[in-house]
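Presented below are the structures under discussion, each in the form of structure tokens.
Two complexes are shown next, each including chain A; its partner changes from chain B in the first to chain C in the second.
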Partner chain A sequence: MSGFWRSHRAWMAPTLFILPGALLFGIVIIMASIQTIWVSFFDWDGVGAMQWVGLANYAQLFDDPQFYVSLRNNLIWLGLFMLAPPLGLALALLLNQPIRGMRVMKSLFFVPLVLASVTVGVVFTWVYDPSFGLLSLLFGYFGATAPALLSDEHFVTFAVVVAALWPQVAFCLVLFLAGLNNLSEDLIGAGRVDGARGWPMLWHVVLPQLREVSFIALAVTVIGALRSFDMVAVMTSGGPFGSSTVLAYQMYEQSIFSYRFGYGAAIATVLFVIMAAFIAWYLRTLLKPERESA
Partner chain B sequence: MYPRPISEDSSLRRAGYAGMVALVLILWLVPLMAVMATSLRSFEEVMAGNYWGWPKSINFVENYTAVFTQTAMARYFLNSLIITLPSVLGVLVLSTLTGYVLSRYRFRGANLMFALFVGGNFLPAQIMMIPVRDLMVSIGLYDTFYALIVFHIAFQTGFATLFMRNFIAALPDELFQAARAEGASPGQTLVHVVLPLIRPALAALAILTFTFVWNDYFWAIVLTQSDAVKPVTAGLSNLRGEWVSAWNLVAAATIMVAIPPVVMFFLMQRHFIAGLTVGAVKG
Partner chain C sequence: MKDVSSLIAGTHSRRQFMLGAGAVFTGITLGCPALAQSKELSIISNIGNAAQRDVLQRIASEYQKASGVTVTINNMDHEAHKTAIRSYLVVGAPDLCFWFSGNRMKAFVKRDLFDDISDLFERENYKSVLGPSAGAVTVDGKQYGLPLGGLLWGMFYRKDVFAEKGWSPPATLDELLALGEKAKSAGMVPVSIGTKEMWPAAGWFDHMNLRINGLDKHMALMDGKMSYTDPAMIPVFDKWAELVNAGLFGQNHTSFGWEQAAAALAQKKAAMMDLAGFVKYGFPQDQVDQIGFAPFPEITPGLARYEDFALNSIHVPKNAKNKENARDFLAYFYKPENLSAFLEAESAVPPRNDCPPSKDSLVNAAVESLKSVEGSAQYYDRDTDPDMAQEGLKGFQEFMVKPDRRDQILERLEGTRKRIFKA
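And then the complex of A and B:
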């Protein structure tokens, strides 16, 4: 046995090392994601037998007005979330000064990032509270009445996204501060010699050096927008009248509350397709430099 | 540096700048500070609608004691620890192993496997909800700590593998050649060469994984039901429904949920930032 092990350990040891991680990830994450597509072709209450229905779930989905509400809300999330990278960059530029006390203030700016989304949701529910919220105080100061944002079907998604932007901007801030730390002093100096400052300097000298960081900030923001679930669940439960649902939340609701797991899986599959397109683009861009250098 | 540092000479301008940043910071954290203040208020004050002003009386002991004794928060808090700590440990062990193999061994399918680890980690977790929930039900883990621990280890291993692979790949080749020349086995190389050098990576992954798992809400509500298992995030959400008007207590519970990740962050800020920026493919 030990002789066999010694002559084969060169390949057996690494195989044994990688096996637990690969199996666990393969079964729980990869297989489950693929299985979702399979389930979407069935009618299933989550407990009993599965009934093959072919594309019926999809046919129904594309006729479901709620699906388009979710899709539209996901687009609103995506669009508004695009504010996070520029806002994060602006904050980073504000904070990138070697002044005493700045280090502590930077850390405090990062705090929303480590808060649970449930915490952020609860906090912003209070901000938006129509009678005693911060917003109503501000409106009252100007003699106006604040709209009850979370119970207004036109504003509700925007209000939830603004709350979700809070940690997302902090995330982008962290990334851009790291990026600003790695700027080439030579290029900045050369720019200064050429008389560049302010906007032209930012645009022509600084931003090109932040390309990689901006790409990452953009990617985490897109993923964050498509993943949105927690804030919707905590702040509105998709309401009022389903006006603030997103695909992930509609999938959850249909499966867990209505026991329509096949239908839920069809919604998840649509989300999967959107995400897969993005991941393919991201991986191609990410792996390209490695391939070129190899 | 960009923007150009404010001149060392004009201390007035520097003080003015710091003051301005402090003002922005206060605006930035107003919602959180209000929750902290509310966690100190009396019930009467909350009923009167004072959410944003200075607390009229400090009820720190009363409120936090009430949260611990009258609600299940203490139980939820313990549950979160029971779920989070083994998850972090599991992720560190598995990703060290996978990262080591993927960075130091060439084999067929290595690139595909790596791409799956990275790509799978990008997927919105909701996509795999139905099969994962079904899997946990069918193997009898649904509504146990193990369901969450197993899932979190599996999911976080994707990101952690990417992180570890890149970290170990950046270690000098000579070390591994020397280990091979000495006749060290793969296991010995891992323990004696790799492990001592990846401590910073382990620290970064530990704090990141802790934060992600502690803050998770989605899987908490999908994979658990009973109070005996539920972590703080799901617990807080419940509590908010039950204690609709006792906002001072809900605020205190909210602060309790926030404290562990915030404290961990301040203790290990350097590692947290390094981890987030190096491996920032994580949503």
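And then the complex of A and C:
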């Protein structure tokens, strides 16, 4: 036994360590994804018999005005979420000063990360409440009436995204703070000797060293924007009349409330394709310099 | 296990999987002890209010003492339960669960997920005491559940406010509009409504349609046999638009749930509200006796009175482990004195005609009012297909905000109706 182990240890140990994760990933992610794509070709209520309908679900989807509303909202999410990495970086630079009491400040900025996103959603729903919310108090102070942001079909998505940005900025802040701690003192010193200060220092010396962190922040932000679901569910349930629905929420709504699992699976598949396209691009850009330097 | 994996695979997000896994896990924890010994009974309850939960708990403990069967009650959030029931009926069913009679029950009967309890009906002779409400739990001559409280929908107001201002509940639509003007000049919202969860808007549609087109046409619409672009729909939406444009419903109602709308009524910020007896949850305990009930105003003069009368129900899942215990408990729970104690907590109308007379004024008002009701629907999202209901609720909410989009909305609903009912 021990002889067997000794001669095969080199490959068996890593295999055994990877196996649980790989197994779980295979079942939960890969198999589920494949089955989702399979289900999207059926008319299925989630309980009864499945009926093959071919591409009918997709044909209906591209005819569905709600789909385009969701897609547009996903783009709004994506666009506004792009603010999170630069804002997080700016805050990180601000908080990365050796000043007394800065630790307290830092932990205050971390607060939204500690809160569950459902809590953040509920808190912002109260802030936006037109009768007793913080926003209406603020407007009332200036003698104006606050708009009911969550009731307005044009503002509602922006209002939800702002709420979701709060923890997202904090997340990027943490990433960048960690990155700033790992800056090479030598490079910064060399930059100083060459007379770099302020912007040139940030642009030519600090940022290139934060390249990997920025990529992670960007990827997490894009994925966060595309899979946005919890905030929409908590704050508006996709309303008023579907105007703040995103693809992930529409998928949930169609599958669970309308009992259309096939249609929901078709939406999931479209979302999957969008995400896969992004991740492919992301991996390409991330892997290219690594391959070149290798 | 096939069912489990395909349920989970229905959506690919991890959250959905966790939900499914959670359901399976509860199923296992609920199921295993039951296999070991049959002196067990598990109930999943969707009851939201604490007083009614206490009554159920009390009845369960009394039953436990008398029979020696251990009763476990798992409380779930009312809205979350509506989605959870679909997975737990398939995997990890309890022995009893709460649900809604009529079309929503039929959906599960059709898929063979509720147990036929006609034998219990026979044994306890329920048909003789239930009357018409037995029909709501009957499919093809067999009973699949026991009807619980009936919710009669209508207009609620504060008696003290109406007395102080010299108002009386409106009997016609014109009177409603006139009252609306008076309420607005008194600085109140005429009709409090919270459409965040969308269904209150559909209830308003039900009332308008029942008052204008009557029950038969309304049910034809619910069954997908009538078009949403039918000329009969025009006066309904014309009149409704008139009410919206008159500012009857106040602003920003899509921001509020019904609880906030009921609170506005309780705080004298609104004159009336369209709901059922559970409106009292919005009131402080000592002011509940100020709540007055009036039927929805008449629109077409002389049309027989039809109302939304929604019946909740309790069922034995097909996959329950202890079906005999479940029947035994139901017989105990359904005794007139236990049932009426349970129902009084939500001011619901008892389905049995031998329940002791209620001390609750809202129950008595509903019972009295029901005497002149010629026929009843349940509620939009209980009467029509769930898929149709989802689109309908959304459409009615949109209409209450943007009445000028009527044609677009009705076209969309008609498209959905054609898809679902294959008309």
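As a convention for this text, the second predicted complex is superposed on the first by the 260 of 294 C-alpha atoms of A that agree within 3 Å, B and C clash if a C-alpha of one lies under 4 Å from a C-alpha of the other, contacts with A are read in each partner's own complex, and residues count from 1 in each chain.
Heads up, the rule we're going with is that contacts are C-beta pairs under 8 Å (C-beta built on N, C-alpha and C of every residue); 3 or more make two chains touch, one makes a residue touch a chain.
Values in this document were obtained by computation on a predicted structure and should not be read as measured data.
In the superposition on chain A, contact of A:P130 is made with chain C only, not with chain B.
Once the two complexes are laid over each other on the shared chain, residue contacts for A:S255 go to chain B and to chain C alike. Contacts of A:P20 after superposition: chain B is touched, whereas chain C is not reached.
Shared-chain residue A:G264: touches chain B and chain C both.
Partner contacting the larger number of chain A residues, of chain B and chain C: B.
Contacts of A:V234 after superposition on the shared chain: chain B is touched, whereas chain C is not.
Of the two partner chains, neither chain B nor chain C is touched by A:A190. When the two structures are aligned on the shared chain, A:A277 is found in touch with neither chain B nor chain C. Using the contact criterion defined above for the overlaid structures, shared-chain residue A:A148 touches chain C, although it does not reach chain B. Once the two complexes are overlaid on the shared chain, A:M102 sits against chain B while remaining clear of chain C.
Residues 28-29, 31-33, 35-36, 39, 46, 129, 227, 229-230, 248, 251-252, 255-256, 261, 264-265, 268, 272 of chain A contact both chain B in one complex and chain C in the other.
Across the complex, chain B meets chain A through its residues 1-6, 14, 17-18, 21-22, 24-25, 28-32, 34-35, 38, 49-52, 94-95, 97-98, 100-102, 105, 107, 113, 115-132, 134-135, 150-151, 153-155, 157-158, 161, 185-187, 190, 211, 214-218, 221-222, 232-234, 236-237, 240, 247, 250, 254, 257-258, 261-262, 264-266, 269, 272-273, 276-277, 280-283.
Residues 9-11, 13-14, 17-18, 20-22, 24-33, 35-36, 39, 46, 91, 93-102, 105, 107-112, 114-119, 122-124, 126-127, 129, 131-134, 137, 166, 171, 174-175, 178, 180, 183, 185, 188, 192, 197, 201-202, 205-206, 216, 219-220, 223-224, 226-227, 229-230, 233-234, 248, 251-252, 255-256, 261, 264-265, 268, 271-272, 275, 278-279, 282-283, 286-287 of chain A are the ones touching chain B in the complex. Within the complex, the chain C residues that touch chain A are 5-17, 83, 86, 90, 110-111, 113, 195-198, 251-255, 386-387, 390-391, 394-395, 397-398, 401, 412, 419. Of all residues in chain A, those touching chain C in their complex are 28-29, 31-33, 35-36, 38-39, 44, 46-48, 60, 65, 128-130, 148, 150-151, 153, 227, 229-230, 237, 239-242, 248, 251-253, 255-261, 264-265, 268, 272.
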